[in-house]
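Across the two complexes that follow, subunit A remains constant while its partner is subunit B and subsequently subunit C.
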Partner chain A sequence: MVSKVSTSLEQRPVVFPPGAVSRRRYRITRIATPYLLLLPAGFLYAIFIVYPIFRQFDISFYNWHIFPGVHNPFVGWSNYIRIFHDPAIRTAAFNTLLFLVITVPIQMALGLFAAALVTDRLPGRGLWRALIFIPVVTSWVVVSYVFAYIFAAQGGLANAIVSIFVGHTVHIDWLAQTWTGNAVIWMVSIWKGVGWSFIMFLAALDGVPRDLVESGRVDGASEPRIWRHVVFPNIRPTVVFVLVLLVIGASQVFTQVYITTGGGPFGSTGVLLTYAYKQAFSFFAFSYAAAIASLMAVVVLGLSILQIHLTRRNDNL
Partner chain B sequence: MIGIASTSAASAASKPKTITLQYWSTYNTADKEASTIAKVIIPAFEKANPGIKVVSTIYPYADLLNKFIATSAAGNPPDVMRSDIAWVAQLAKQGVIQNVGGLKAFAAIKKNALPGPLLTTEVNGKYYAFPDDTNTQALFWNKADFAAAGITSPPTTITQMLADAQLLTVSSKQQYGLGVDGTDIWNMAPYVWSMGGSFTNAKYSTATGYMDSQATQTAVQTLVTALKAGYIGSDFQGGASAVSGESGFPKGQYAMYIDGPWAINTYATLSPVPSYGIAMFPSGIGGSHSTVGGEDTVIARNGKHIAAAEKFAEFLSAPFAQLAMAKQGDMTSFKTDSAAEVKATPSYKIFAQQLLTSKIRANSPGYSQLDTAWSNAIGQILAGGVTVAAGLASATQLANTALAGS
Partner chain C sequence: MSTFAFKDARNASTSRSLTNPKRRKPAAQPGLFGIRSWKKSRLVMACVFGAISVFPLLYMISLSFQPTGDILTSNVVLIPTHPTFLNYTQAWTENSFGQYFLNSLVVAIGTVIITVIFSSLAAYAFARYRFPFKEAIFYIFLAALAVPSVELIIPQYLLALKLHLTDSLFGLVLIYASENLPFSIFLLRGFFEAVPKDLEESFRLDGAGSIRVLTRLIAPLSAPALAVVAMFTFNFAWEEFVVALTLINSPQNRTLPIGLNFFIGEHTTQWGPLFAGSVIATVPSVIVYVISQRWFHRGVSLGGIR
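And then the complex of A and B:
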């Protein structure tokens, strides 16, 4: 019924107004309308996304000053060369990579696990969906502050719990130590991010043909074998999509680090974006910060191309 | 009706237009520093300069520099700012403050300013600020802790200070012999300089051979050893549970620490007032050197009322303002006011004496970055992540980048 309606709509004859001029005007209007409708969004996109990206690349090749009218000498690739000779950025790059390696697989695994549970006729499915997804729609700033309070050395919930177990009051400075500070950053990121993977996998699992799964079960295949040979091949495009987007997101981690540890102690929990931010707004080395951000943009662009490549290859399988 | 209108129009034309100056600072609101500027200095300036009104806004230290830079870029900065001396070179490099060296009033100010504070206003041979207040840190020692340990006088040498710190450390009372309030240059430089170490060359063009020198390594190693031995308190490494020197000292938690003249006013408000003494920073092989601190007055380059701003900056440098603020812990930057200041506040004598040998930190636009490099390296050394030599080598490399970028 639906297909019939849509067919009839597609085949509806176009009624041209009389006259060649009117026909031409109609054709022009028809072609121009979508572009006109896109124009406001395109204008905003150009102003707030495209221009800043190009301006950032531009600034990275100068010794740029924030004050208008001050001479900004062209320095070529020197800001980019500096990145590769900067010992402090290595810690930030390592922390970013560590963040990525730890949080991405855990978010994917937990998201898939939760989606699998909720898919299989769990009572209160809608409630579970909402509960798991709520952190995703909360503010990064609010969540980061909540975790900072939980892990505060004085009066923090984490210390209160540890105190109960050890039998005396403890004041562990979780956020002022490298590994515990990093662990809090990972924790807040996983807690907040897992709901997104969950929703993606939930949608993907809903798309897995039930009859294939049931056939496997009837044929005596174990659950791991069904997942390996039936479920995974069907959700593979989603797995690739989630993986690549989480990797891109992880490479841009900033807010939770800035708010919980501030990159401390002594820069040991800093990541690439907090490092770039500090270069720009503490040291006013705007060009160097722009070079770091530009290089990151290139890496993220590379990952996006990889995503397209992988999904296309998968589509052709 | 027409007559009334023309009379009021004439009166408006003859009445001089009031200029409103925006003045930003980080004055301390916990003591009388902020109220003195608001209730004494500004009213006196407004009385002496009819038609100029000053609106003072106090910001947290961590926010002020960024706010000034951001508003300057947006074309709406405050007219005048009381800037940390360590920011002047950075602001000058960004081109957001006026070169005041050519002003008629500045010639007299330059002649009368103490050498240390004047140096903080100079960047590449040009002057970008009026010296405002100066200070340095001296050794505060807790008389009760010293008496309990059987020590009768404050140490005069670093060797003696470390020996005393050992005697003054009482673990059961969580009492440390020495408090070092952080790993940054402001807090560590007195130890480094006095033990013969340094951070950069005199031209602030390189840290190689200075920050990583044997003398600097020895100075850092001395403090690391004292920390590991438990003579230095939690303030050195910092963190949320660390107790600052100014909080711990009056409670006897730190038997010694270094602080500036403002601490005198802070301790005067406590009940009971702690019993303490102030002495010169102990000497090492390099002498007794503390760090020059303080603030300068800068004028925004694209401020709305440059001439009025210059008048206000000049007024802040004049004896009336200098001596009134000196009573609140802001020591004068001018030779002619020094004697009157010490006479009014005898406890400043030791700080005035210490200032004679105090050194300024690298007056370079790259100072913040250099300081961060140093501080992070010391933090990693204290945490045991790297050796002193490796940590300082890494800091030196970063410091050189910061200085080269300047």
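And then the complex of A and C:
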């Protein structure tokens, strides 16, 4: 009787994963598995992202022609030197910087403000959340066309409003002038971008422990002090994340410029990427465009690392 | 990430216990805005924000139903006075807009499928396995977040020429998918790591392999994150402009954003059909957002940023 029980216990199956016949074979699959899992993504990524990054640097040192069979002479750093002697690129760089300096802080401020409104059980919270986020899911192309129409010389909403104030019909071509054209580009970008920082800040604010806020209040701290010492430290990682991604995004501004003003008049509203794109695909100066893009990539990467570094150092204080 | 979830849970429980279920007393509800919590002024401001956010889109819808005369008049026509479907029929029949729509749909769905599968596999490797250079490889993936889309268009174009992927929807899918991989892997890794290891152990003991664990256990538990990835990827592919503009030559391969461009003439712009087309192009993104909204907002508040 006793022995019977013991045999039945011994016959309980020792669980081996099927396929793992031997321990050695099991170990080999265990080592190979992560690499196999990474293979599809890594393959695609290596071909379409990593290789182009290096290829871009490579092209920038040649005088590259798109046509097969043509000799592509090595020109060293001359494409990069050309960047610093090109007056047209100064306008583009200035516009890109201005775009960044104007749109990023405004987007973050408005996003944080809207998030502060909606957190804490505002009636219809889901509705507000959806409404403010809707511009983010619409397409840049569509949105740019809507704003292009609003500021069109003929039939646009902006002119109609100005007409009411002036008292007679006006036909201002907003997009054909440098400053108004730039302002329209900023407006589209801020309008479409606020929803994204809003949603990020909303998630962060929801995570701020309310009892901490409440105890600060009980201790007699003023509201600005509570924000400064309780709320802000809690949402700092999100602020950094949003800042870094918005700066990267702003340096890449392209579609809204390409569609609304096309960089015109005479390149005065153009940004770095519309300039580079025009160099490559209108003038076939691929190497020069590649030099611009490579330099931008280096600057943006450096800027992101700097931002993360600076904000991380603050954390230790 | 886990701290975030913890804070959320704690916050929810405190406010529930402090709130009278029958009548909510604002005084008992600790918030970011003190005891009065400024509900009325917040509501007004939220209305302003919401109105500004949707106005251009509502205006676009209104314009799409207006005849050309009303669109080009100097008076503001906010609500169509002579509503017409002409713009829609014109948009759909001219320029083979239906074809563009189909192309965009194929490209977007293809991109979503490839991105979701490839990034789940990779994220699972990062979340559960230990292997040499793991973090280094992860950071190589992340580095591309700083060098995305438009900046690489020149080498990508040359590469596409070499691989005979220009003027091909498949080429677009491959490029879009690779551009979406870094963010997706980053997001999914965080979620996959949060799935309890014990659950996976018991699956393994039942004889499940990695793929089975991923598809039967980890993916269902990470549905919010997968929804976020799918939504972002769909919208990315649906609205992408530069790559499509550069790679696609022939009319039958145009995607929607490129197709819209052709309503803009050299001298005159066909605003009516353009906005009708824009409405058609916007509807799928909004539908995808509405469907994934629930998981999406949970995904953002749980994960993403540690």
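Definition applied: the second predicted complex is superposed on the first by the 286 of 317 C-alpha atoms of A that agree within 3 Å, B and C clash if a C-alpha of one lies under 4 Å from a C-alpha of the other, contacts with A are read in each partner's own complex, and residues count from 1 in each chain.
Just so it is clear, a contact is a pair of C-beta atoms (placed from the backbone, for glycine too) under 8 Å apart; a residue touches a chain by one contact, two chains touch by 3 or more.
All values reported here derive from a predicted model rather than from experimental measurement.
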Subunit C versus subunit B on the shared subunit A, clash or fit after superposition: fit
First, second, both or neither for A:288, with subunit B first and subunit C second: first
Partner chain in contact with A:153 - subunit B first, subunit C second, else both or neither: first
First, second, both or neither for A:82, with subunit B first and subunit C second: first
Partner chain in contact with A:232 - subunit B first, subunit C second, else both or neither: neither
First, second, both or neither for A:123, with subunit B first and subunit C second: second
Partner chain in contact with A:176 - subunit B first, subunit C second, else both or neither: first
A:304 touches, of subunit B and subunit C: first, second, both or neither? second
First (subunit B), second (subunit C), both or neither touched by A:280: second
Greater residue coverage of subunit A in the superposed arrangement, subunit B or subunit C: C
Smallest separation in angstrom, by C-alpha atoms, between subunit B and subunit C in the superposition: 5
Common interface residues of subunit A - those touching subunit B in one complex and subunit C in the other: 66, 152, 154, 281
Residues of subunit C defined as touching subunit A within the complex: 4, 7-8, 10-11, 14-15, 29-34, 37, 39, 42-43, 45-46, 49-50, 52-54, 56-57, 59-60, 63, 71-76, 114, 117-119, 121-122, 124-125, 129, 131, 134, 137, 140-141, 143-156, 158-159, 161, 174-175, 177-179, 181-182, 185, 204-205, 207-210, 231, 235, 238-239, 241-242, 246, 257, 260-261, 269, 271, 274-275, 278, 281-282, 285-286, 288-290, 293, 297, 300-301, 304-306
Residue ranges of subunit A in contact with subunit C within the complex: 15, 17-19, 31, 33-35, 37-38, 40-42, 44-45, 47-53, 55-56, 59, 66, 113-114, 116-124, 127-135, 137-143, 145-147, 149-150, 152, 154-155, 157, 159-161, 163, 169, 191, 194-195, 199-200, 202-211, 213-214, 217, 223, 227, 231, 237-238, 241, 245, 248, 252, 254-255, 258-259, 273, 276-277, 280-281, 286, 289-290, 293, 296-297, 300-301, 304
Touching residues (chain side subunit A, partner subunit B) in the complex: 63, 65-70, 82, 85-88, 152-154, 171, 173, 175-178, 265-268, 278, 281-285, 288
Contact footprint of subunit A on subunit B as seen in their complex: 66, 69, 72-73, 75, 90, 93-96, 183, 237-241, 301-302, 365-366, 368-369, 372-373, 375-380, 383, 385, 394, 397-398, 401-402, 405
